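Consider the two complexes below, in which chain A is the common component and chain B and chain C are the respective partners.
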Partner chain A sequence: MSNLITPVLEISNLTIGYRQPAGWLDAVRDVSLSIQPGQVYGLVGESGSGKSTLALAVMRYLGEGGALRFGTIRFAGRDVYSLTPSELQAIRGTQIALVPQDPFSALNPSIKVGEQIAETLRWHQSLSPQEARTQARTLLDSVRMADPNRVLDSYQHQISGGMQQRVMIALALISDPLLLVLDEPTTGLDVTTEAAILDVFRGLMETYNTAALYVTHNLGVVARICDRVAVLYASELVEDAPTAELYRQPLHPYTRGLLDSVPRLGEDKHHHRLTPIGGRIPHLDELPPGCVFAPRCPLAVELCHTTRPPLEEAVPGRRVRCHRWPEILAGNAPTPEAAAAAPVGEALPAGGMLLSLDDVRVHYPLGRGRLVGAQRRCAPTERFPFARGRAVRALDGVSLTLGRGRTLGIVGESGSGKTTLARAIIGLAEPTSGGIQFSGVSLPRKLSRRPAAILRKLQMVFQNPLEALNPYLTIGEILSRPFIRLLGLPRKEALAEAVKLLAAVRLPEEYAARLPGQLSGGERQRIAIARAFAASPELLVADEPVSALDVSVQASILNLLNELQWARGTAMVFISHDLSVVGYLADEVAVMYLGRVVQVAEARDIFEAPYHPYTEALLSAIPIPDPAAVQENIRLDGEVPGAANLPLGCPFHTRCPRLVGEICRTEPPWQEAGGGKRIWCHIPVAELAAVQGRVIGAGRQVDR
Partner chain B sequence: MNRGGTDPSGVVPPLVARPPEGARFLRGARTLFNRPASAVGTGIFLLVVIFGLLGNLIAPYGLNEQIVADARQAPSAAHWFGTDHLGRDVFSRVVLGAGEILRLAGLGTLLSVITGTSLGLLGGYIGGWVDEVLMRLFDALLAMPALLLALLLLGTLGPSENSILVVIVIVYTPIVARVVRSVVLPVKTRGYVDAARVQGESLVRILFREILPAALPALAVEAALRFSYAIFLVASLGFLGIGVQPPSPNWGLMVSEARERVTQIPWALYYPAGAISLLVIGVNLMADGLKRVLRP
Partner chain C sequence: MARYFLRRIGLLLLTVALTSLIVFVITQYLPGDVCRIILGREAGDAAVADCRVDLGLDDPLPVQYFRWLANFAQGDWGTSYSVKAEIFPVVMQRTRNSLMLAAVTLVMAVPLSILLGVLAGLNENKGVDHVISVGSLAVVGLPEFVTGIVLIQLFAFKWKLFPANSSIRVETPFWEALPMLILPALTATLVLLAYIARLTRAGVVEELKQPYVRTATLKGLPRRMVIFKHVLRNALLPTVTVLAISFGWLISGLIVVENVFNYPGLGRLLAFAIDRRDLPLLQAVTMITVVGYALANLLADMAYAWLNPRIRLE
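Up next is the complex of A and B:
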């Protein structure tokens, strides 16, 4: 006992339950883990796995009806749940600090940021207002905040999400806590911002030797930041290991499934099929009697369905809750569904042009939509040739082409205009200028002017499956509408077709009578995809179709999209912020920044130099679920300029790490880089190729 | 088993299964009656509805039956609410008046809900100048006191029951339209409305099948509130002596007639006035209960 360091946090046999009329529902069951000083401990799980409940329980914050049912949480040797309220108050915020998921709701919108920091500072130590401000500034410097003085004098809504999260980290670090609890701190931020925040966080951890409990669903973030990982599934801890070992050789089938369901960089749909985890996470009130993962586990045997496996130490320092870990460890367990993994066939030959966009612009004039006293101030365009003043330039001159049956991936961060592009193609956003050719005819800009014959050929899958289906209509009605409306079938036949369609997306027939609220997120997205494919469109526009879904569900949705696309020869515009998904699914990739396309390339070339400097930064920022991967460290400074006042010339010049000089304030030329790759930059391609290495190196050697 | 799925955006999945429609209605009704205030309100409303429907069976005397010998009598076992200066039984007239006030206020509310909903949906969804014109028109109507507007309209249209209906519709359409519009604005940007547009659905279907269901809870509450105001408006018009003529058993008119003799036969004033207040309060309490049931 005496020669051991006291862990900062020691959780043993913890069960947290919520009181329900029918009895207790356990959101966390029988979890034990301990965090050493200075250790960054990752807590990974899908939504509903209990990870947030566990993290908040550490602060003794359980929410209504929640209670610690069994077990203990010891913080620095003291039992958190036997502290008096005043002792608890003394620990919270000083020794344990929380960085919440949503900084927007955590900051007070009516108090300046500087005052909020100063207030917290003065609560912990007696300081004069001037001293407090100086210290607040120092704190912001320590989280590498750009322009800290401006931030101190701003209100929350005046600073970006990334800046807000930096403020939250600064607030949490005020009292030099022993333990930081981070609840998905970078979810909802752009990848380049996320990368910068993670850098800041990593640096601070090393400087202060603070321990951290890092809750996330993102396997890439874990690989980058955590020393050790615990995987939660259906409120149980199923595996716990040092990060590198977990990724090299996962021992639990669920962890294996999670890692297999994300496409690795360089894989494409023609040669690799994603391995989804079937089924869905069980509800807390109907957990299986044996192993919680057994109903979805490809390796489950009779024993797994009847007996709950113990959490065993498989290798020193690694724990796993599975009956079959010895076989998995020895490499004797079959790789799940390797045989069934028939990849989608070779790429279709480009069978003629299907879609071509020519200098498409979507501008939203500022101050439009008022009848009286409206000042029509917008950029002069074809439609408003005499207009003056400013406009939000959501899409600012995009030219792209797409062949029949091919897939064009569009990548960009929020504000890049990728969703506007999708909406312009589909007709939901009206271009201010430029032309869209589809199947050789010019598409009317207004949706209402497009005849049914065109509507039938152009369909869309929306980002958020929660919003894409009308909650008040049955699935049967939702799916029969396209048959009635676009194909002119009578109601009865349409309903029969709808039921057939359910089978095509592998959902049971009886779902036709259900309401969307009774379906899981993945199932809803299947319905949305089914609806889009109902009339066999020639072009499908998919706007981030998997970004709102859990990782294990993503794979099956991507597979489904692939199959349907392949079977019906549909071309697709696939929009995503996730480069590995786009690289996997697309034939060609366009990278967008602030309403412009900056680079176009074949998907297989997207990870190869030369790149546009923005692509380079994006590639270096994406979280890769592989701790062994080597990434260049290119971080973007400053803030993304607003679309209402775009920089002159190259829109990226305000943040470009490879800025040349004055020339960047002029419009760059399109340069051919061979193999169909085109880069929109002033730096000559040869020069780019000479200075840029491969941003991402050394892929994962998988030992399974 | 029906149940909500794992919500990918939330942390905790919904734990409670969604019950079927019938059970939800029953549970809603139970919630309505569990709160004393809304139970009382609904009870009052139902009582008045029964009076309205079965008034002829309940009222011991006829509408204009004069019992001259019993004129100006205080409430007694024979005349529960007493008799007025013409010897008419006040209780019978109050009971028989329920039908008229419910019919006028109810029909008026129904019509203004229909027009208000249609215009609110249209303005909110189409936006642009259509919305602008509608909203400014409604602003203009709302800027005038309801009673003044009513007097003006009745003066032009001439007093009749139909005129009263027109007044109610014109006075309450803007308010209903605004409530509906406020629900349409956030809903129209949802993915499912976009999906309907991409499928080429007609405007009517988008407005009434895709968007309207989301507005129904707010609309039900608003309709109940409008109803209570319509009762008040009908009674006020009766009191002012426009719209309805004696010997109609309009509660407002009864109050007006009894007003001159309030020192001698106060009961002839108190009971119809009390009936107005009671019904308005009852409907208001019911609306409040509805709000809790529909928007938890």
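Up next is the complex of A and C:
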């Protein structure tokens, strides 16, 4: 397919705007790039960067009120915006295809999956229904779909997220397209599923030599799969380079900031401080004059605030939009001051046991017919219907301890039970059996039975700050509530304390009068954290507190959590699916799978062998934001089985690459592996240590 | 799915049983002595007492209830006080008439209102949408006796297309009755039109926002295929449900239309029974109405379950 000399896609000075009552709002401003045949081109940006708008505009799909204001998009030499509707229809789905972000809603819930593939085949290739079905089956095979015949006859809600996304990929590949447009295709999938899907991409792109425009905010994924990367910020293209060079030496301060703000595996809070990018992403209708990044740029000078920098070729093949790129290239630019600040100090001295979970189980009995949540048919597993009963076993026997002032990180994918664990500790989920001890006292299971004294000591921060803050209360009122309700302060004093709290989270005093809807995502999460720390709790449960935030903001929230925790001696249970974040912030890490803990280790040891086979697979699946990193390639077959159909014995044995045999169907023992590390596996620790190498090798140093 | 079906039927039977109980109890407490009404005010006490024994009105209430229920289930619906005839055949004829009218109405209303709704939804906030939305609202705001009479004036008197009077007789076969059904059906259609069209419009607007529409469009499928194959089957789910429920209204709720056109349907029969305080007739018509609505609801549930794969395959 690559007998083209012209670039597959050529975007020149593209500006896409949306018509507003007050004028035009430009989502993409003056962007130029070109994609060669067979090239995988990454488009990186955060919210508001315009990356999704750009990707869809390439297929001439603009939202309501959207228009191409300036510039051109040429696909295989033809101007996309001059095509007639029938010409456009002819190339969509055949020469240029989309793999969208959320495969669940991208498929029609009322039409069988097989038919949705077959109809495209019949329309574009005039195949007969029989031929179309056979071809659909072949396509599903090429994306390595398990049980393709069943999938063809299923509806979208009957297959898992990973399978849905494979269907979307199969759909995109129907006519061997010249260009694939992928809009965050793996966001929302588990890490292990994402790794498998990325493998499928790579394999297919190599086989078919398809070019791709890969839109994402995940720097790790870009490093793994893209040949070239363009970085977008607030509707503008700020940097554009081959992947390896971009990571080795980013030229634009924004790119540098992004790479600095992501915690790397192996870094911990005691020795490194994350370097966030200050400020917030500007709204598209309040873009600053001059360089769009200047207000947040540590290297900004007078010129940057007044004059918009041109896009220049710094080095052959690399373009950057910055006034100061020559200095940065030469290595003479000053490093951002934040990096020089001292990291959080040494660990607090051990202070005794604070939290202890003893064989906690949370089971939700199943009603007739209806399955709880989105769990679907899984691979056949053994079960004793009478002994086990029909229930969703969200937590199936978890025992953990946490010392005062320490941070316990919980890592797991969907179905692991980590959120249920958080809810059980806080009191939102009642344990079916097992006990939780807090400060030596048994915690009442129900939240309503817990006295105010206990509530004050146990607080929670949730994933989505928009949903966690009452939109009708001002910030001042929100922050006063814990003082009024938990500490019994009168309103005036509570408000005064609330204002002090605002200062502690580095937000200006005026915010007390604002509503949550007027704040950005990161600011809202600061408020939520401030609220949690208001009554000086002894334990904070944080359930994925940064997952819903932009990358550049995550670092500042993690730093904040760290500071507040250290200043007040608060212990923390930190839950995440992101092992690098957990590895950074936690003292101890517990890895969970299907309601059980499979490994516990000190944070620094989690990346060293021996590992539980699941941890090993998890580590090999994480996309690392460093193209030079060496990483094992361990892939798990199939999907996570539903928590209603737990495998017997070790819950991981149905997918374990190191499966021993029949013994794995019995309950594994806990084995000590030295240094506080415990592994729950039948394979002797010594054997694991011998056969497992380091999953992630060191990458090259990044030149600042 | 089978379990869903059985549960629904069970609920239907329960509904009908409960309603029968309520109907029975209420009629017991209506003012006026049944026997006095039958025999007239001047009847002597002895005659009244005899009448009461005859009709079993002095038996304990539960006994009366179950006797009535048993008779009802067997088709013995008693004798009407006012018409002095067996109730069962009368009600059945009227039911047949109402069913004919309902069928014609649905045939007229459904395609038209769905078409209008789809047009409005596809052209959201544009001229076509405004005309359809406002127009249908205006029409539904008019009471049936107004629209009915206007239609009679136009179609019957001015243009002489259809008869003004729809009093069909018992023996009239369907095809002969059809011209007389057109105008009343049209009147009922105008009421349904706005309702169904707006619902369909909302469904279409909602579904057009869904990501699967983008997928279908970007697959290169032509617009008409995207609309008719992908969007409609999801957009029409609420419409289908409401249509099924409307069926219940069409059977027994068309009192005004039947009056305007002098059509012998269940609605007029009900009004007649109320007017004459004819309790057995009233009970019978009410029960048929309840059964009609319950069946319509069952139909709606089943249609929804069938069309929505998520429920069908549980």
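Quick notes on this structure:
Definition applied: the second predicted complex is superposed on the first by the 675 of 704 C-alpha atoms of A that agree within 3 Å, B and C clash if a C-alpha of one lies under 4 Å from a C-alpha of the other, contacts with A are read in each partner's own complex, and residues count from 1 in each chain.
Here, a residue touches a chain if its C-beta (ideal position, glycine included) is under 8 Å from a C-beta of that chain, and two chains touch if they have at least 3 such contacts.
What you see is a predicted model, and the numbers here were worked out from it, not measured in a lab.
Annotation: superposed three-chain arrangement on chain A; chain B versus chain C shows no clash, the two fitting side by side.
By the touch criterion stated above, A:305 is placed in contact with neither chain B nor chain C. Of the two partner chains placed by the overlay, only chain B lies in contact with A:27; chain C stays clear of it. When the two complexes are overlaid on their common chain A, residue A:678 makes contact with neither chain B nor chain C. Centres of mass aside, this uses C-alpha centres: at chain A, the angle toward chain B and chain C in the superposed model is 30 degrees, to the nearest 10. Look at A:523: by the touch rule set out above, it reaches chain B but stays clear of chain C.
Within the superposed three-chain arrangement, the count of touched residues of chain A is higher for B, of the candidates chain B and chain C. Shared-chain residue A:635: touches no atom of chain B or chain C. In the superposition on chain A, A:270 makes contact with neither chain B nor chain C. Touch criterion not met for A:694: it reaches neither chain B nor chain C. The gap separating chain B from chain C in the superposed three-chain model is 8 Å, by closest C-alpha atoms.
Taken together, the two structures place residues 369-370 of chain A in contact with chain B in one case and with chain C in the other. By the touch criterion given at the top, residues 3, 210-212, 214-222, 225, 229-230, 233-234, 307-310, 313-314 of chain C touch chain A in their complex. Chain B contributes residues 2-13, 15, 18, 127-129, 132-133, 136, 190-192, 194-201, 209-210, 213-214 to its touches with chain A in the complex. Chain A contributes residues 18, 20, 25, 27, 46-48, 52-53, 280-281, 283-285, 369-371, 426-428, 447, 450, 452, 455, 458-460, 462-473, 481-482, 485-486, 514-515, 517-524, 528, 531, 548-550, 553 to its touches with chain B in the complex. Those residues of chain A that touch chain C in the shared complex are 59, 61, 89-94, 97-98, 100, 102, 105-111, 119-120, 123-124, 155, 157-158, 168, 171, 368-370.
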